[in-house]
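Two complexes are shown next, each including subunit A; its partner changes from subunit B in the first to subunit C in the second.
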Partner chain A sequence: MSVLTDALTLVFQPDVLITVILASLLGLTIGAIPGLTAVMGVALLIPITFFMDPVPAISAIAALAAMAIFAGDIPGALLRIPGTPASAAYVQDAHVMAKEGCPERALGLSMGAACFGGVVGVILLMVAAPLLARFATNFSSVEYFWLALLGLSCAAIISTGAPLKGILSLLFGLWVASIGIDEVAGQPRFTFGSTELMGGVSFIPAMIGMFAIPEILRNVALPQGKITPPRMGPVFQGLGANLRRRRTNLLRGSLAGSMIGALPGAGADIAAWVAYAVAKRRSKTPEKFGHGHDEGIVEAGAANNGALSSAWVPTLVFGIPGDSITAIVIGVLYLKGLEPGPIIFTKTPELVYAIFIAFFLANLLLIPFGWLIIRAARHLLTMKPAYYLPVVFACCIVGSFAINNTAFGVVVMLVFGLIGWLFEENGIPVAPAILGIVLGGMLEFNFVTSMLKSDGNLMIFVSRPVAAALALTVLAVWAWPIVKHIRGGRA
Partner chain B sequence: MTSFKFTFAAGLSALASLVAAPVLADYPERPVTIIVPWGAGGGTDTIIRIFAVGFEKEMGQPINVINRTGGSGVVGHSAIANGKADGYTLGACTSEITYFETVGLADITPASYDLISRLATIPAGVTVAADSPYASVKEVIDAAQTGTLTSSGSGLGGPWHMAVAGMMKSAGGAADTVKFIPSKGGAPALQDLVSGGISMFTGSPIEARALADAGEVKILGVMADERSPAFPDVPTLKESGVDWSLTNWFSLCAPSGLPEEVKAKVETAAKAAHGSDAVQDALAQRGITPLFDGSEAFSVFADEFSDAAKELLTDLGIAK
Partner chain C sequence: MQFSNRFIGIVALIGAAAIFYGTFGFRAVPGQQFGSGFFPRITAGCLALTGCAMILSSGPSPWMTVPEWMRTAQAFKAAALPLGGIAWVLVAPFLGFILTTALLILTLVMLMRGRFLFGLGVAVGLSLLLHVVFSVLLRIPLPFGVVEGWLV
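Moving on to the complex of A and B:
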């Protein structure tokens, strides 16, 4: 119990609470502005967290992400522009509902669902992560190799819906990960004699570039017309009753979202799509979906916030990110000297629990803060990009410089920003590339060390039971598009 | 014209005074940066940050600790070596400077720096998983003679690789009797140890302490000349009949060519800061052995360490 009290004292400090509140407000603002995503918000927050202690830093990220994912529903409902990809699944329903004169009902529902889903996700995180960590102490380099491969495969093949483009993006990420000194043999690769490149492509500037610059370029390229958001009614009226009526959706969405989020390489976006599809299939009135129906909003709205929390399970336990946000978090954990992995649960359990508590707090804050932002949404939506984009760009430059105190970071940020823009313009998903950069080194390192242990015998990869089971799962993921193709061909 | 001449002359003399006047008279008159080539929160970073608190008081100027990581330490160590030798850029050199050149990673040797002093040492050790059949260092060494054991703790050719190589050599075997599996630091290596992926961890017992307290691993021996105050019950290798010790070290260094007065000032301030109770206590609390040997002794030591490392790395076939 002392661990929990330690954790509570770590979180309930004035500076931590103020950080959480500020990060929440920032998250709401970023999510509510169309075109600024939760991932981008987190990427821009990193340089600031750089100067904080681990607990406020991680709490700030958790709070910002939870708020931004919810607030992404606001431009979705009012303008039919999903603020974050995770709100895209049910944007049609929410928008129709708003057009029919009840935007407050759509937003109230997604706020309630987000809070509930988030809390379920945190509970799953609190229960599952330590248990899984106990189990994961038995994982050696072989199991880690398969886990990394599983995360990459899920991200490239299943999450994107376009396996070929996903794999292309992934391969780019893996190539970037190979730049620098190879950590086993000490051989520099693709460094062209540059000392800076010997350390590899610094990951956080690359992320900031890939997520923020394309948004800026797109906003510059496509001038937006005048926006007139509708008026709001009282948010809380009838909300409780509405949610109770859809409690099956609420519960199913939260659980499904939490479980999908806990898979390595699958995050809030995919959770929302799956939950929406499930809601439609199990509904008594599937024909109403897409025409302002509430079931999909509740189920998918709960699922994306549930997934957001549970994505931290593989992140903390294995060091394998569940989605793009946790991919950034891994970078922060390393910066703070908290190497993710089962050992963190034995070494600094109070920090892990402090992270859980911060998550809980962030999700509970959704209700009061969510209400505030819904009231303020009109003003945020009419803000001109010319006001906030330069600020975002300035943050990108300062942030990528601050990580390693070199101008090289800024160059990396700009180059990857351009690459990210080219990716997005051609419909190539960015997330697999990011996971490739994060997991590429881990994949290779665990492969090579396993081969060293076995003197080059490949059987080591399937000789342990857990490793064999993971190997089969990876094969199943690979077989997925082929099976789908054959089935499609027959139909 | 007069005013121009005047300005020009004044400017010239100002410039001249900048060049000629000892910058050093009032050194330090602005904040000093210490570059750490390893990640925040790691061993080197912890030691330097503890030291920096005391150093700041002695120097009377803010000390900025900056982490420049990557490339197995090459990036940060290059940044220190290429820094301006004016006393405003200092660094935290680690044992890697003695063998970067030997393993062909970078043209960096102890001569690339003005070595100020070692600040702390951490001994290597022998740690096995709790369910391991071995109960003493001797049993581990006997079992290792079959050539089936593996060890980990750092990168190939890193300090903890040399630790196990030296141990086996001193016990009469070949340096590479124990196969070394590279790892990205202590934590992942210990994780692999607990999961049964490797047979022993030859990194520092300090890194293994949390897991030893949790009953996951057993610390069998420490590769120091004397028992560590942090682990009074753990015997040294010498007690177990193997004449071998290896302590990894962490130092304060500067780009080479530091002006004598500046160097003297840094060394005096560093010595006073290092000797303060606050620094000594904070280091001891973490099981780190504080040490201040000063510029001369450290330079001699670094050369000896360099030669010893070269010999071991040649035995291991890693030297290029």
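Moving on to the complex of A and C:
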């Protein structure tokens, strides 16, 4: 109980609350602007959180992500431009509904579903994370190796349309992670004589570059035409009745999203698509899907934010990111001197509970802030890219500079930005590379440590029951595209 | 700019060879069976396998396809972005953060056909805001120049 009281005291401080409110407003603005995504918003926020205490820093990230993911539905509904990849699952339904003169109904449903799904995800996070952490205290380097490999494999193979390209991206990330002084032997690797590279490639400028620069370049290269969003009616009119009517979708989407989000490397995008597919399969009127029907919006919308919260389960318990946003969070936790893993639950439980409460708060704030952004959406959507894109670029520059107080960070950001753009142009996903950069050190350390412990005997990797089960899961993930290919060939 | 899977596979193979070659420069640690080159070599091996798989899975497609927008003025606008970043790195130590950032934003706004006066307002306003947040509040030693000298 005292832990919870301590956590509440940590969160309900004026500076934390102001940070959460500001981050929420920033998240809503970024999510509502077509072409700017939640991940990019989080990436741009990191240089500022770098100078904050852990609780306001993590709370700001949680609030920004939750708001941006919901706000991504706004350009989706009004313009058929999904603000985030997760919104793409139900963009057609929401847009048709908006075109039929009910944009407020589509956005209201999506706001209510996001809030409910987010709260369910937080509850799962609060229940599952401490239990798993207790179980994970017995894990050795072998289990951690398999967990890291599982997260990376899921991100590279399952989360992407093209597994080979996903693996390529991941291997690039793993190579980048090996740049700098080797932790085990103290040997400089791939530094090309540069003292700046001795400490490794700075994670934050690399991530800002890979996530933000391709988006800015894409917006510059392929500008959108003149935008005329429709007029908005009262958001809350009939919302409660509509949500009650779709309570099965709401509950199923929230639970499915929360469970999918808790899988390492899965995330909100997959959760939303799976939930939409389930909603269609279970619906009595599947023919209405894609024609302005509300079942898909509610179910996938709830799954979206449910996954966002539960993606923190593997992040906090094992240090394995659930999605791109939590990959960034892991980097921030390390920067704050907090090593994610089961120990964080025993060493600083009040901090973990403070994160849970901050998440809860962010999801509850979705209703008033969501209403505000829906009302303001018309003005945000008509903002000219000619003004906000240079501003975002300037933020990328100053953010990359601020991490190490050197222009080298800006160079890293630009180089990784161009690499990220080339990746996206060629259908190579960026997220596995980022996960590779974040988890590469952990994967190598646990692999080499296990090999040293066993004197090179590979059997150590399946010598314990949990390790063997994890090894089988990893093998199943690897075999999945082959099985899919064979099944596809037969069909 | 889209490359064929064959081209990407060949680049992956060259990358794998380069990583593998690079590991030969790592000195062995006495008494340690698995040195600094161990894990990068595994990465290189996996990269080579992925490269081969990409070459084998590649269909008959051109090595490189240049999208339509790269043949128009949009290509210059897109190129202005990284070039602007490089210019910022080179010029900021002399002109300082505020002036360089304002010039960069204004140039990009004009290139994207924004209005001059509004762009100037955005450029000056945002540069000053970023200066206050990062330099004054967060105490980041941003490049110091003429304008910062006036403000001190």
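As a convention for this text, the second predicted complex is superposed on the first by the 491 of 491 C-alpha atoms of A that agree within 3 Å, B and C clash if a C-alpha of one lies under 4 Å from a C-alpha of the other, contacts with A are read in each partner's own complex, and residues count from 1 in each chain.
Criterion: contacts are C-beta pairs under 8 Å (C-beta built on N, C-alpha and C of every residue); 3 or more make two chains touch, one makes a residue touch a chain.
Everything quoted here is computed from the prediction, not taken from an experiment.
Three-chain overlay on subunit A, with subunit B and subunit C fitting side by side and no clash. Looking at the shared chain after the overlay, A:N405 reaches both subunit B and subunit C. Counting the residues of subunit A touched by each of subunit B and subunit C gives the higher count for C.
In the superposed model, the vertex angle subunit B-subunit A-subunit C (Cα centres) comes to 70 degrees (nearest 10). Once chain A of one complex is fitted onto chain A of the other, the partner contacts of A:L335 are limited to subunit B, with no touch recorded for subunit C. When the shared chain is aligned, subunit C comes close enough to touch A:M451, but subunit B does not.
By the document's definition of touching, both partners, subunit B and subunit C, reach A:V184. Legend: residue contacts after superposition of the two complexes on their common chain; A:A241 is shown touching neither subunit B nor subunit C. Look at A:M459: by the touch rule set out above, it reaches neither subunit B nor subunit C.
With the two structures overlaid on their shared chain A, subunit B and subunit C come no closer than 5 Å at the level of C-alpha atoms.
Looking at subunit A, you'll find residues 184-185, 405, 452 touch subunit B in one structure and subunit C in the other.
Listed in rising order, the residues of subunit C touching subunit A in the complex are 1-3, 5, 8, 12, 15, 19, 22-23, 26-27, 29, 32-36, 38-40, 43, 46-47, 50-51, 53-54, 57, 67, 69-70, 74-75, 77-78, 81-82, 84-86, 88-89, 92-93, 97, 101, 104-105, 108-109, 112-114, 118-119, 122-123, 126-127, 130, 133-134, 138, 140-143. Here subunit A touches subunit B in the complex through residues 137-143, 180-181, 183-186, 188, 195-196, 198-200, 202, 334-339, 341-343, 346-347, 404-406, 445, 449, 452-453, going by the rule given at the top. Interface residues of subunit B facing subunit A in the complex, by the touch rule stated above, are 39-42, 45, 66-72, 74-75, 78, 103-106, 150, 155-157, 179, 181-185, 187-188, 190-192, 194-198, 210-211, 214, 216. Residues of subunit A touching subunit C in their complex: 47-48, 51, 164-165, 167-168, 171, 174-175, 178, 182, 184-185, 187, 189-190, 213, 216-217, 220-223, 384-387, 389-391, 393-395, 397-398, 401-402, 405, 407, 410-411, 413-414, 417-418, 422, 425-426, 428, 444, 447-448, 451-452, 455-456.
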